[in-house]
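Quick one: the structure is below, and I'll ask about it shortly.
Labels run A, B, C and D following the written order; every chain starts at residue 1.
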Amino acid sequence: MDAGILLIHCPDRPGLIYAITQIIYRHQLNILGNGEFVERTYNHFFMRTEFSGVVEENRFLQELREVLPADAYINLTARRKRDIVILATKEHHCLSDLLIRHTFQELNARIHCVISNHQNLEDLTRKFDVPFHYIPAEGKDRAAHEAEVLDVIQQYNPEFLVLAKYMRILSPAFIGRFTNRIINIHHSFLPAFVGANPYQQAYDRGVKIIGATAHFVNDNLDEGPIIAQSVIPVAHTHSAWEMTQAGRDVEKIVLARSLKLVFNDSVFVYRNKSIILE
Amino acid sequence: MDAGILLIHCPDRPGLIYAITQIIYRHQLNILGNGEFVERTYNHFFMRTEFSGVVEENRFLQELREVLPADAYINLTARRKRDIVILATKEHHCLSDLLIRHTFQELNARIHCVISNHQNLEDLTRKFDVPFHYIPAEGKDRAAHEAEVLDVIQQYNPEFLVLAKYMRILSPAFIGRFTNRIINIHHSFLPAFVGANPYQQAYDRGVKIIGATAHFVNDNLDEGPIIAQSVIPVAHTHSAWEMTQAGRDVEKIVLARSLKLVFNDSVFVYRNKSIILE
Amino acid sequence: MDAGILLIHCPDRPGLIYAITQIIYRHQLNILGNGEFVERTYNHFFMRTEFSGVVEENRFLQELREVLPADAYINLTARRKRDIVILATKEHHCLSDLLIRHTFQELNARIHCVISNHQNLEDLTRKFDVPFHYIPAEGKDRAAHEAEVLDVIQQYNPEFLVLAKYMRILSPAFIGRFTNRIINIHHSFLPAFVGANPYQQAYDRGVKIIGATAHFVNDNLDEGPIIAQSVIPVAHTHSAWEMTQAGRDVEKIVLARSLKLVFNDSVFVYRNKSIILE
Amino acid sequence: MDAGILLIHCPDRPGLIYAITQIIYRHQLNILGNGEFVERTYNHFFMRTEFSGVVEENRFLQELREVLPADAYINLTARRKRDIVILATKEHHCLSDLLIRHTFQELNARIHCVISNHQNLEDLTRKFDVPFHYIPAEGKDRAAHEAEVLDVIQQYNPEFLVLAKYMRILSPAFIGRFTNRIINIHHSFLPAFVGANPYQQAYDRGVKIIGATAHFVNDNLDEGPIIAQSVIPVAHTHSAWEMTQAGRDVEKIVLARSLKLVFNDSVFVYRNKSIILE
């Protein structure tokens, strides 16, 4: 590793930045960017350091552990493309956007395959030379379908799963295998309109703004840590369908932005919230 | 009346605009602005016409009724300042903003008085020569307190009540007296975070955007027709208190914008939604 | 034609809506949507009517001309997909987005071909079965290059040209052939940062918001009527390159939104401004 | 001083954070918040530290100077309310907003007086028990008027001057006395529409978004470092006057937000840009 990102979070106490940067300095690493944050409710310290220079990993981590609290989270990663698998259903807009970014090297990830419970996105996916796995759900119970999906995923050993409008609910068992490693785009401005048909709900309610939320998936539907959100104004002149269309443009941009943050090691998860240090 | 606004809504059918504008033309009124909208789910027609010219009201309305469906809503008002009463509690920001706009003739309304269940906004209100009524709620049940509030309101016979951070829940009986005439500012991006402490909820959830919603009050808490909404981005660096502060700036601007729309006769209410024709 | 859109603009005078809707009614057309606007500086009237029903075009237009001022603009079009040609250079993001929307039938247009002065977007274009014409500019003067481009365009006889990050300046002679029919996306929040390298300019100036503008092209560079604009917040932490990346997401969404408006006959051009009636 | 803010900027070099935090640690100060940023074009380092604890100022600054480059900017301030003077002309909206925030202790500043070249804001100002100085400009050349204004300012010895819609151009000589200490709100989204009547320009151009910019004033009109910006959407239905009204709501919020940043020692100025560390 000759360049990397160091993430640390732990209970705050005096001298942490000094102690950590001393070790970085002793290892002759060059800090390219540094960010800290202290959450005041729980007095918890977060630090993200981007550095260049060759690091002797074991010794470096060992020295950090010596100066940090015993329960500190320490994560050292080389800068690299992340390995991902995308799950989709029928809607193309998020998948299209990711395939385009991927093909032009703008995603900081390698899309190993796309898995869908429908077949209509196969043509699109293959245009970009990405493997497509059609795993229909009809006639199977959820466990059986998930087992098939998991089988395919495991062939690729991805670091992250991206739910690009994947419309099936994942079981806690499935999610438990990928803690803070599944990113979903929710077609609504969470926590408003939890559940299905958020644009119909928005229309019925006459809202003046709609939005989208990218978040990690944990075991409660639509309730994982929020990574990014965005909105656009709408009016009574928008039908529920036009709200859907407008919402899709927001969804694809928000999902891409959240992936940029996650793949760049900029997102801490702490007590079901995200702390973002860029 | 030598200038006014005509609002009509009714089930749609061919020839409505033609029939209505014919009558306007025959009465030699000059259309300054005109807007129509047809809601497609229920096929319902909305039209707002701003005109100049002297109108013989009874004959004009009679002729309109002859060409419109029997259940048509027809509302003809002269352009004029609206008579309002403001209810507040302890927070000043919305009241301050309205008093300032009022004193500089920017509100299109006459504030007849401010009523509050606390006393701390009295000084502010009196600076602007607006009567202030302190009606404490302690030691009274809701009905008794509301009766006192209603007594004061009735002295002024206002067309609209504005809840400028009035933190008490109004009874259905009270609300029923002012259908579509009470405007509230909700400290959240409805329907998210219904209820108390929305900024604490937003903080706990780590949202990236907060907002405010101005709406008419009907008998379900925070569920009347939405008039205007707006948002601002926040980050994990905002404490719950700082979210509150940022939210206040949104609240005061959104409330003022909604009042401009309502006082300018630009808002139809239909099936718990607002249709806005400016 | 059994459904269409009627656009009219002319100097305002009393009775216009009445006179026009009378003719629509006599022709037994059903108004699906109607919008009017009167520009107050020049007292100019605009009206857009979407209708269903079979219209006898010649007689309908003749009758309209009889009741409207002699210099009225009258445009009657059937609802249909528009025929377009896209010009691009090297950047893919706007072209990608349009090709995706096109392939999923979301563009209300037929992309007849893509023309570029570089070759790098050929693969992308061909993936979507759209003809690609590479017309290099090197070693040619502008007139010669434009003549070649024009030759290709004329094979397809498009109604609109879309400049999807086409980085060459078009001559007035070229533009003159397509008045109000060339749509450009400008990589800046016009009129700020006219000219090249707007994101570098934005970075140097330390702006906190960047944006994009879709506009018709007329003979002054970047000064045609604005159709749509949007912005996103940035910070000092964004390098000029990151501002470019963030700007691209805005550009592609704004261009698509402007095309939706134009292809849906919702945009009037009047005195170098757009009037948008949806 | 038992709590304060330390600002440092200097050319970047390895070990800066370590060296600085070591001194902070030795002085037994508790870091409440810390932010760093390295500007990559010029490789320049910025750091802002909020701390609690009693600091022996001279020794602390001396030790910092020993480990930092010779040309480092070092600024140590106690947390405190800032002393300001406001200059206004005729428009009330920014002044009103600041007076309200001041009276409710939300400004982190003491408004020592308001100076205006018109008299119409005197009543407003006196309502809030703030001295008002009317210094008419008629019949005086700029130098003479400025001399009078300066005389009044000097009685109060303010740290910052806030131009709350002050419509007179200040001379370089005047500005030179208050480098990076004059904050202006510009009625436009800079650098668009530099100069007078920006809303008329926006109207003539048919823009779809308008905005406001708060910035430090230096010797080129409207070209000092930008502190904060914001925008709102508008449409062709807005007259130039309505754009002005909508713009005012943006202006007052942006000015207040910029003052919050400046008075909280969160703004560095570097090469005519602001670097904001909160």
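Quick note on the criterion: a residue touches a chain if its C-beta (ideal position, glycine included) is under 8 Å from a C-beta of that chain, and two chains touch if they have at least 3 such contacts.
Computed from a prediction, not measured in an experiment: that's the story for all the values here.
Participant: Note the shortest touch-path length, in steps, from subunit A to subunit C.
Facilitator: Minimal hop count between subunit A and subunit C: 1.
Participant: Could you tell me which chain lies farthest from subunit A when each chain's centre is the average position of its Cα atoms?
Facilitator: With centres defined by C-alpha atoms, farthest from subunit A sits B.
Participant: Kindly point out which of C-D, B-C or B-D repeats the A-C interface, defined as over half of the contact pairs being the same residue numbers.
Facilitator: B-D
Participant: Express in whole angstrom the distance between the two chain centres, defined as the mean CA positions of subunit A and subunit D.
Facilitator: Between these chains, centre-to-centre, one finds 37 Å.
Participant: Express in whole angstrom the distance between the two chain centres, defined as the mean CA positions of subunit A and subunit B.
Facilitator: Going by mean C-alpha positions, subunit A sits 40 Å from subunit B.
Participant: Could you pull out the residues of subunit B that touch at least 2 other chains?
Facilitator: 37, 237
Participant: In their shared complex, at which residues does subunit D touch subunit B?
Facilitator: Going by the criterion above, the answer is residues 92-93, 96-97, 100, 103-104, 106, 124, 127-128, 237, 245, 249, 253, 256-257, 278.
Participant: With touch defined as at the start, can you tell me which subunit B residues reach subunit C in the complex?
Facilitator: 14-15, 17-18, 21-22, 24-25, 28, 30-38, 233
Participant: Give the list of subunit D residues in touch with subunit C in this complex.
Facilitator: 37, 39-40, 189-193, 204-209, 211, 225-226, 228-231, 235-237, 239, 272-276
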